[in-house]
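Each remark here refers to the structure printed beneath this line.
Letters A, B, C and D name the chains as they come in the text, with residue numbers starting at 1 for each one.
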Amino acid sequence: MTDVINLASDNVAGAAPQILAAIARAGDGRARSYGHDDVTRRIEARLSEVFERRVAAFPVATGTAANALALATFTPPYGAVLCHREAHIAVDECGAPEFYTHGAKLILAEGDHGKLTPATLEAAFPEGWRGDVHRSQPAMLSLSQATESGTVYTPAEVAALTDAARHHGLAVHMDGSRFANALAGQMGAGQGCSPAELTWKAGIDVLSFGGTKNGCVMAEAVVFFDPVKAADFALRRKRAGHLLSKMRFVSAQLEAYLADDLWLGLAANANARARQLAEGLQALPGVALEHPVEANEVFVRLPAALAAGLQREGVIAAHWEGEVWRFVGAFDTTAETIETVLQRARSCVAPDAVAAAG
Amino acid sequence: MTDVINLASDNVAGAAPQILAAIARAGDGRARSYGHDDVTRRIEARLSEVFERRVAAFPVATGTAANALALATFTPPYGAVLCHREAHIAVDECGAPEFYTHGAKLILAEGDHGKLTPATLEAAFPEGWRGDVHRSQPAMLSLSQATESGTVYTPAEVAALTDAARHHGLAVHMDGSRFANALAGQMGAGQGCSPAELTWKAGIDVLSFGGTKNGCVMAEAVVFFDPVKAADFALRRKRAGHLLSKMRFVSAQLEAYLADDLWLGLAANANARARQLAEGLQALPGVALEHPVEANEVFVRLPAALAAGLQREGVIAAHWEGEVWRFVGAFDTTAETIETVLQRARSCVAPDAVAAAG
Amino acid sequence: MTDVINLASDNVAGAAPQILAAIARAGDGRARSYGHDDVTRRIEARLSEVFERRVAAFPVATGTAANALALATFTPPYGAVLCHREAHIAVDECGAPEFYTHGAKLILAEGDHGKLTPATLEAAFPEGWRGDVHRSQPAMLSLSQATESGTVYTPAEVAALTDAARHHGLAVHMDGSRFANALAGQMGAGQGCSPAELTWKAGIDVLSFGGTKNGCVMAEAVVFFDPVKAADFALRRKRAGHLLSKMRFVSAQLEAYLADDLWLGLAANANARARQLAEGLQALPGVALEHPVEANEVFVRLPAALAAGLQREGVIAAHWEGEVWRFVGAFDTTAETIETVLQRARSCVAPDAVAAAG
Amino acid sequence: MTDVINLASDNVAGAAPQILAAIARAGDGRARSYGHDDVTRRIEARLSEVFERRVAAFPVATGTAANALALATFTPPYGAVLCHREAHIAVDECGAPEFYTHGAKLILAEGDHGKLTPATLEAAFPEGWRGDVHRSQPAMLSLSQATESGTVYTPAEVAALTDAARHHGLAVHMDGSRFANALAGQMGAGQGCSPAELTWKAGIDVLSFGGTKNGCVMAEAVVFFDPVKAADFALRRKRAGHLLSKMRFVSAQLEAYLADDLWLGLAANANARARQLAEGLQALPGVALEHPVEANEVFVRLPAALAAGLQREGVIAAHWEGEVWRFVGAFDTTAETIETVLQRARSCVAPDAVAAAG
């Protein structure tokens, strides 16, 4: 029987051995609870190094919590957050941003390949909106990096958007649940790019820094590039039930994640697997990429027969819509696995594929 | 130099080796995300066995999340929750119940040793309250088990309270962040008592079943004894950011926790250490227990000299108020450790203790 | 100097003499407060007559309160409300629906002339949405009647929409801030149509029944066609601060409004003035109606010179967008006033243009 | 048959003729909607005169709205508001403060005769509370003036409380639903006292300035003594549905209310009637005042026979608790009415009263 290969998401993967080892180590001895432990204290310093600036950083266990808390810190209940129509915060969090902001409104904008542009931002808040008491007030712009379409904003694109946002008085959030993949993607594209350049140097105020999708068990951090803005974050996190009593077990994951550039290595592998897969699939008849592959996700149109064939062969992708499927490279996906997927795909389109499958 | 012994809380402990091993194992292979994995599915069945009834059970990472979500499921925004003045939900969660219920009111009642009685409940909602549109409507009673004073309700006491609650149309929540200690306490008191007898057989509707304080890394479960009542829980959990993408890592902790009665064994140890400490301290001049020791917490009045002496000797307790200090036995506290604490305490009160310390 | 004529909104008008007289009378003698007075009791009975069915009805002072409370009664915090992109609840209430529902999401749909169709509804909630824990759950459809474009749904159109809504498990709200104008519009169109036929007989669950825009000082009512559904409305109204202590002063307005078909007479006048204006303006060169005039609002494209001329001549309209302006007929607008507006408009266009148009 | 005399509340009265006349006048002509009218503009200036300082003032229709909006402006969702256990915001508003603040906590304090003292404030927030992330953060103190017991804080008492509040970093709200009665009470007590002295000069930040209970139909104003603090009030009011489209009808009431000291005259009458009643009742055997009568409310213990007798004689009071009843003087209560009540009371305690009643 054929082995099942699940590429539907990076969430289906387990955790990197370094992360698991860090959890095991974190349990040694007594430590102060609720984040007053040494590991948690070190994490903020470590992230400040990584981002080349004194940041305020708060570990949490889920990306939805990171996003919703970050938004709530900058958005009053009568505020509005602009985001892409397909943003995770808009379509995948069951209204968490509205819950945490106490009813702020998400304003949905269109944009090719999951990306917003300054022009869409201008169109979203026409003149006369701000100050009109009948309207939720523009408060924030939220960008996904990498985007929901697997594309990546360049530092210049981010800067152009944050410039426009600033012009409208908006703070800017980056949903970086795949921040490592975005960063590795920029690096992989031959564009020298640092964590700082992709965030605060390009005008980002607050980042949901993801670890879970890239090899952690459950570890994200909300990173404020101006610590002053984080003044009430700890209170919001606590009342949301996201202050873990044994916080060191999350912080330890982040520490291991950031050690020796583990995070970038894992992301680089995931991205490479996505590129490998995209290249292989594109060579097949009737296959077309839906979006450029710039991080670890491949959105691709598959002929119905190929889609069915892959399913039959035990290759699991996520059905997106119509003919579009998503395949995701994970931190631990191997080149061999992708090659196997491609072999199976090729076998589905080979003249004798049906007979062989029978 | 003297070793520091930290008995301030059970949260300062690490995690049981069986729990850490389960986390390490949980990472093997691919699994469906967001709780659709096999381990998570098994947990509900396992808890149904433990509670001798088909339950709906939802893992979450923190006790505050468990409590707030449980309350929100039964309490409308215009509702009121009755609890003890010192309940964790009232004084330790930064308003999480109010956040999750969207503004319901906590009604605080007094009660000796952290315990409510049917009489306090009657007094809390005088006639004419229900149906009066000017008043938040009585919706729920929340009991802590073990209580915030380290005492334990007997099944009969719970039943008397839930009877009174039912009479007022209240659903009943049990905050069981130390449920294992409460249960082990009842057993240890020679009172045969099962998980079922302490909960739904005594009229409890929903339980925050705690694991973190008793040896888990981060693992709690919200247990509904009537699954029908849990209809919208999954949605509330998701929008609160408490649905973990790699849920199996929490579920695996719970699975290990419940296997081979590990949870009861850990709790029994913690309780025994609390009793050992309480007995030893009580023998010292000027020391008096503030509350009966029925689980793993010791609330005790210490003469100022003794309190200062213990601090000097590296024994960390939590200062409660005035002369009262809290010591907590953890799942992994050893009898030797407690004996060391007692030796240090005795040395502080010995005639020549002051000279020796000098 | 030319008199200013303000047709920007029906809100700029004062109140009908019958309404003012009712307020003056309502102050006689003592009455129970908070809606326990006789007038308030009578209103529910009167509305039950008007709608030919036992209804539960709750007076409030503003349309935004009526809408937001009605939505909150049927929509959980994790719910979603489908409405037109230009619905008052979406763009004119500063997030009141999100506030009252505690963060539910408005799903915005397109539709010509302010109207939704069953097809747009189908498109809004694709298969797989309901039950997906990552998505706000479809809870309600909200229709504006008359619409924000001054058009009116026929009973058959309403029924088709509520059928589709029912299929998706949605309750249906009608924002009737101009319900009288919509009803009078249907009647005026020669289509026999009753309050019942335009609401519950066509599947509406709850109606925001407007009075303020049509001659009241401040008087709206939330009407539930199934009184059982209104079980907690009174509590929600009170905690929102919308239970008036001297409620009789609002109820008395509604009583006078409904007496002797005053409401329909006022609305018929407003509608007739809108038609009169629309016909007159259409005769001018370069003028085009943006939407059919089916109630008391005229949305019309005006050549820039004409728009400027009217302003100069003291005719105030609301600038909508681009070349589109809104003129609104009020309950007390006279035919002479409209004729004066038309004369001024004709004077603004060149003499030969008028002749040509004539 | 005996006429019914209803003294249960000042809410059972109608409205002063000057107020009704102002409403009738307000309907003349066109006016800009949503508070952009001339009357509303004048009200802020007029209140600035009354309070001898530039204030920001916002009319609303109910006291609950005024209170809840005022609290929400200063209290974050994770905040806490200290108030008397019997404060209207705590027991009579169905959780409106919690709704508007998005879940802040009311901390209830005891105090004789409805009054708080600096000592109770100190006790409420013990050291270590502020900054403890597990605790709702102290944000505001709310005082009722007159209190729920019909007593009045002197300017010195207010100043002592606001001093203590400032020490704890709390803003201070005054619930002045009976502010006129409190002020008139201070004046009546021979203590020269101005609106300014009773509010901002004594450290109040925001006042719910009541009109409804004292002769208006529905008219309150939220008055900010530092207009900068009111920055987002208009948005909060709108999204709560408390921005009236025909705002001039509320503003006109306030204008008439403040003209020629009408408000103080009405309040002085109400207070005088309360004193008249209190003196008369006190002369009867077995009658005892529960609280000093310092405004327009009389809380009095009545022997059961007298209470029953008064009811039989058509005198309606509000049953408070046990033997305590509340009688309230209204703006239009006459000395003759009170004398009639006293006659009836005397007849109930006369030796032959029972026989006569039989």
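Convention: a residue touches a chain if its C-beta (ideal position, glycine included) is under 8 Å from a C-beta of that chain, and two chains touch if they have at least 3 such contacts.
Keep in mind it's a predicted model, so treat the numbers as computed, not measured.
Q: So which one's got more C-beta contacts, A-B or B-D?
A: A-B
Q: By mean C-alpha position, what chain is farthest away from chain A?
A: Looking at centroid distances, D is the chain farthest away.
Q: Need the CA-centroid distance for the pair chain B / chain D, whole Å please.
A: 43
Q: From the C-alpha centre of chain A to that of chain B, how far is it in Å?
A: Once rounded, the distance between the two centres reads 35 Å.
Q: Specify, in ascending order, the residues of chain C that touch 2 or more different other chains.
A: Each of 34, 77-78, 93-95, 98-99, 102-103, 133-134, 136, 235, 238-239, 243 in chain C touches at least two other chains.
Q: Going by the contact rule set out above, which residues of chain A touch chain B in the complex?
A: Touching chain B from chain A are residues 4, 6, 9, 11-15, 20, 23-24, 26-34, 60-69, 93-96, 98-100, 212-213, 217-218, 235, 238-246, 249-250.
Q: Spell out the part of chain D that touches chain A in their complex, as residue ranges.
A: On the chain D side, the touching residues are 34, 76-78, 102-103, 133-134, 136-137, 232, 234-239, 243.
Q: State the interface residues of chain C toward chain A in the complex, per the touch definition above.
A: That would be residues 77-78, 80, 91-95, 98-99, 101-106, 108, 133-136 of chain C.
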